[in-house]
């Protein structure tokens, strides 16, 4: 689950990391009043920044990040950004804060290193750009350090990272931030905590003397879905726009459903087999309408639920059911299909393939109910594509 | 630093461990009113327990733990226990709580295992008696399990311990308590967390149904003095009776001082050498008046301070100074001795031995100031004992 | 010899008194696996599978009493990492964790503890392993196998079965079929299994079933290109048509920024001498094309 | 060969720019120890000891640039366990930690990390080690030594010097003198050092200086009784007259409930063939009585 920048910053702040002030606003009027407050405090550059809150990269290039020098200007800019479409996501809120006077930008993130089975810290003095770009163009500019798998990021590891990033002059802050990233990751079960840019900014002390400070200017956090159960409060941070309503309904029913653009509905047990089924549909010349994994051990009612989800998409004109029974029992799936068909309002051709556990019982049920069946996966895909073609696009 | 039972229980409670209710009382009247409250709640056995709070074992045998069935009786018993002397410690406060209806007693502790360099959990179904006694009489009755040195006591380790102790019927509570002991130890930097007895007690549910519960009936915690600096709040729990005023003064001056019963004051650098000096004084027929380690690198003022501490004891009639300079510089010590003698009001013979770093400079200073010196430690001890004898006991 | 499981396997099932644990313990035993013990804390002294298998409170007890050397874990996600560490601490050499939905960071610690004990973990979120005709440890249906000399490794569940079935249908038997699991943090990688197959004198060919996301197929390919030059080997990658940025069920199957795409995996595998199939059913034919005569 | 320190020692001092670190680094160097580097985070690129020693930000840098294999730590207590782990992680083989006042539980983790890296930690709260004529790493005054073949081990600081001086005064030189430290949790025990001496072809006799508290002298005695039967060996135990239940400075020196008393230690040592002295000055004579002719 991805978090918005503002929520990610809240979690970092809660773990004691230095994050400049911000407010979240949903209307241009809110932005105006937030801008008034921040500008009244007299930020070093005399401006505020307004940033679109969308769960997708590249919002800067898309015009979703702008500066404003007055409340009036902030309101105008906010009215441009709010409602804007960025790569298919609508901007529903923005972050407002004092525009930082940046001395230098860095990159710092904590990610899961699958190969080493450790938390990996990646840092770079090339901040503010996508790390993938740095990785391609200047791989030597990326510093890597693993956290101890049992103890987290030890102070000496954080120091090594800070020195290697050229942050020796801000050692204490850099160590605290690096350790804080790992603490945040462990505390909230995040997959990714990314600060880009981590920046040295110029602030003015009470007396007016300018002082350099290392702060987290942007923040991206992705949470481990498997661990959300033990962080119930974090579920509230889920952006309803992040998943389609049917994806959400599926998740709550224990199914994994992702809506796609094609015409052939797919119902499969197991993620790898579901992807394979989609691949074979495409290979046979069709277009899958969805990814749907009913998981292991699904019972009849879950199967019926899955079928309703597929049929809710008006573009679907054929359905392919592919079940390789292991934990899942074929006869349960067959019963679910029969039950679902009894309830369904719209008649769509269906090709069913059930092998593995209780496949024989399933075959009897399917034959009695006159389902079209297939023996191999390739055969099933071909039949489903043929059915879809003969149906054409429904009105 | 040892904690009183009541304070130890507070720390356990803060870590979520099950500890029956209690109050601390300093007067018989307070005990009476606490007893009224607890008896009004109708404890299963209809009694309260009154326990002397002293930092020494064996208070039960000494009559420091008693039951009372009424507020009147509680007041009488409290007036007997408060002010009582238990092995040289005066009882200044008592703990009052409902007397538990004990089904079975166990022992459970977390200690530092120096040989393994790990936290060791020791458990026994023979609770309520001193673990040393169990260790001698039924060593096989003690179950041992080390916590993981990096992760603490893992759930499976706690389960193994619980099953081995015969607490399978209270598995969940036993696991939580065992893990809680280690959590408490790590959270407060304790050397020892001991529950004796850990007990299954009978409580009555709201409906009156009796129910068994595993609870910490007594608690002993010793804190690591080296870690007190990072737990400033815990310093307030120090019992002023635990150390003599001069010991405390010494501690605050960075000296380690322990008052003893003899007549020969000792000033040494290093704990091992200080003990050796005492051993040799005794071997030469004298009695050391104190243990005093001035530590490494002591300067003149610290030496003078140490001398004042020694001389504050009227029984002291001779002083042995033994310094092996390493970090400590002999001339600094000599200067401190000269300074101290200039200030001292009472003339006590002194034998000084200074070897190691800057011993030559020290020798010159000591000779100028006409101190009696010694070359070897044995020689120094013999001379100090002779001086003490010729002085006799001061008035 | 097969790898990971075989005739020497002495199996303990952690969570044997649960629904899934009991079902698959019975199936493993029915297949011929030497199932010696079960573990469920608090049920020590009872028996499972109609009296056939003694149940212990702890894995340590099970190892001491039965000499178990392999563990199969069906403990729910909240307790599974602890169960893994318990098995390693008790001296179990090979630990299969079937449990799915374990938080990734919990597994980092568990994997490290297993490594420190010199044990091997397969999974979590894996279907286990079968050495046809010898032993089956996990949830792979037993009847899809055939004895033979092809080593198969996959990080999917049912897709593994599909591929195994395709091999068996084509008459190509297997030495061992291993599902390594689809989670981000797993105990044994493709590379680890390839190394085991390379050292196994009963494995003559390799089938690798990967999917999009991560870089473990690429890592395995790089090693195979060097060390398994002359071994006939084929692969299949699921998710060629999956849209970018969407998570397809497995935590492992997410593509972002070009890394871990099907294209990158296919390229790496082909460069290492794998023939890559467009469908699981093509695997047997490609393996014969690669010179396998088993 | 001596043990722990010698001509192969390439020393890095962690905390070299501090007062004590600088003083003892200079003394170790003056003794002839091959001091190759210092470490102080934030002072990398500077030099210490009047330009003679390069200072690095991290131990990793120091090892890479100078080939340091031994570390001497003067970092304050709050940072010392981290400094120990840093040294181990950087590949330092032998780590001496002089720092006193480190919380015991901090050392549990540090000792485990050192062990996992296959390194050796001596201390904390120890005076270090000297191999007379070869190298001195720590704070033991250099001029009390004499070259020879007696191995000395102690858990005290100044008492060690006292015993070494007594040996030197009597003409008995030392192969290596090691102070293992007086804290409850230390990296290297009496037993460990005896095993090193047993394997050292330049050590012909043993002097062990113990004190009350703990059971490490007893553990070492038990091993020596079996494995060092024919080696002349003497011991001294401090604290014979210490009152029970009082802590005498060293965290290690506390007696409770009869365990760790001077009597129990003396008994164990004598049973193992040690001659136990009543004063450090008696050690040389007893060693000669035990047959040592060095």
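Going by the order they are written in, the chains are A, B, C and D; count residues from 1 in each one.
Note that in this section a residue touches a chain if its C-beta (ideal position, glycine included) is under 8 Å from a C-beta of that chain, and two chains touch if they have at least 3 such contacts.
Remember, it's a predicted structure, so these values are computed and weren't measured experimentally.
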{"item": "From subunit C, the most remote chain by mean C-alpha position", "value": "B"}
{"item": "Intercentroid distance (Cα basis), subunit C paired with subunit B, Å", "value": "55"}
{"item": "Rounded Å distance between subunit C and subunit D, as computed from the means of their C-alpha atoms", "value": "49"}
{"item": "Whole-Å gap between the CA centroids of subunit A and subunit C", "value": "28"}
{"item": "Sequence positions of subunit B contacting 2 or more other chains", "value": "150-151"}
{"item": "Sequence positions of subunit D contacting 2 or more other chains", "value": "109, 113"}
{"item": "Chain contact graph, described as a line, ring, star, complete graph or other shape", "value": "other"}
{"item": "Pairs of chains found to touch, sorted by chain label", "value": "A-B, A-C, A-D, B-C, B-D"}
{"item": "Partner subunit A, residues of subunit B touching it in the complex", "value": "150-151"}
{"item": "Complex contacts: residues of subunit B adjacent to subunit C", "value": "148, 151, 154-157, 159-160, 163, 168, 171"}
{"item": "Complex contacts: residues of subunit B adjacent to subunit D", "value": "112, 114-115, 117-119, 130, 132, 149-150, 185-186, 189, 191, 224-227, 230, 256, 258, 260, 268-276, 278-280, 282-283, 288, 291, 293, 296-297, 324-327, 355-357, 376-378"}
{"item": "Interfacial residue positions of subunit D with respect to subunit A in the complex", "value": "41-42, 44, 57-61, 79, 82-83, 85-86, 89, 109, 113"}
{"item": "Interfacial residue positions of subunit D with respect to subunit B in the complex", "value": "20, 77-78, 100-109, 111-113, 127, 139-141, 144, 154-162, 165, 182, 184-186, 189, 209, 211-212, 214-216, 219, 236, 238-243, 246-253, 257-259, 278-281"}
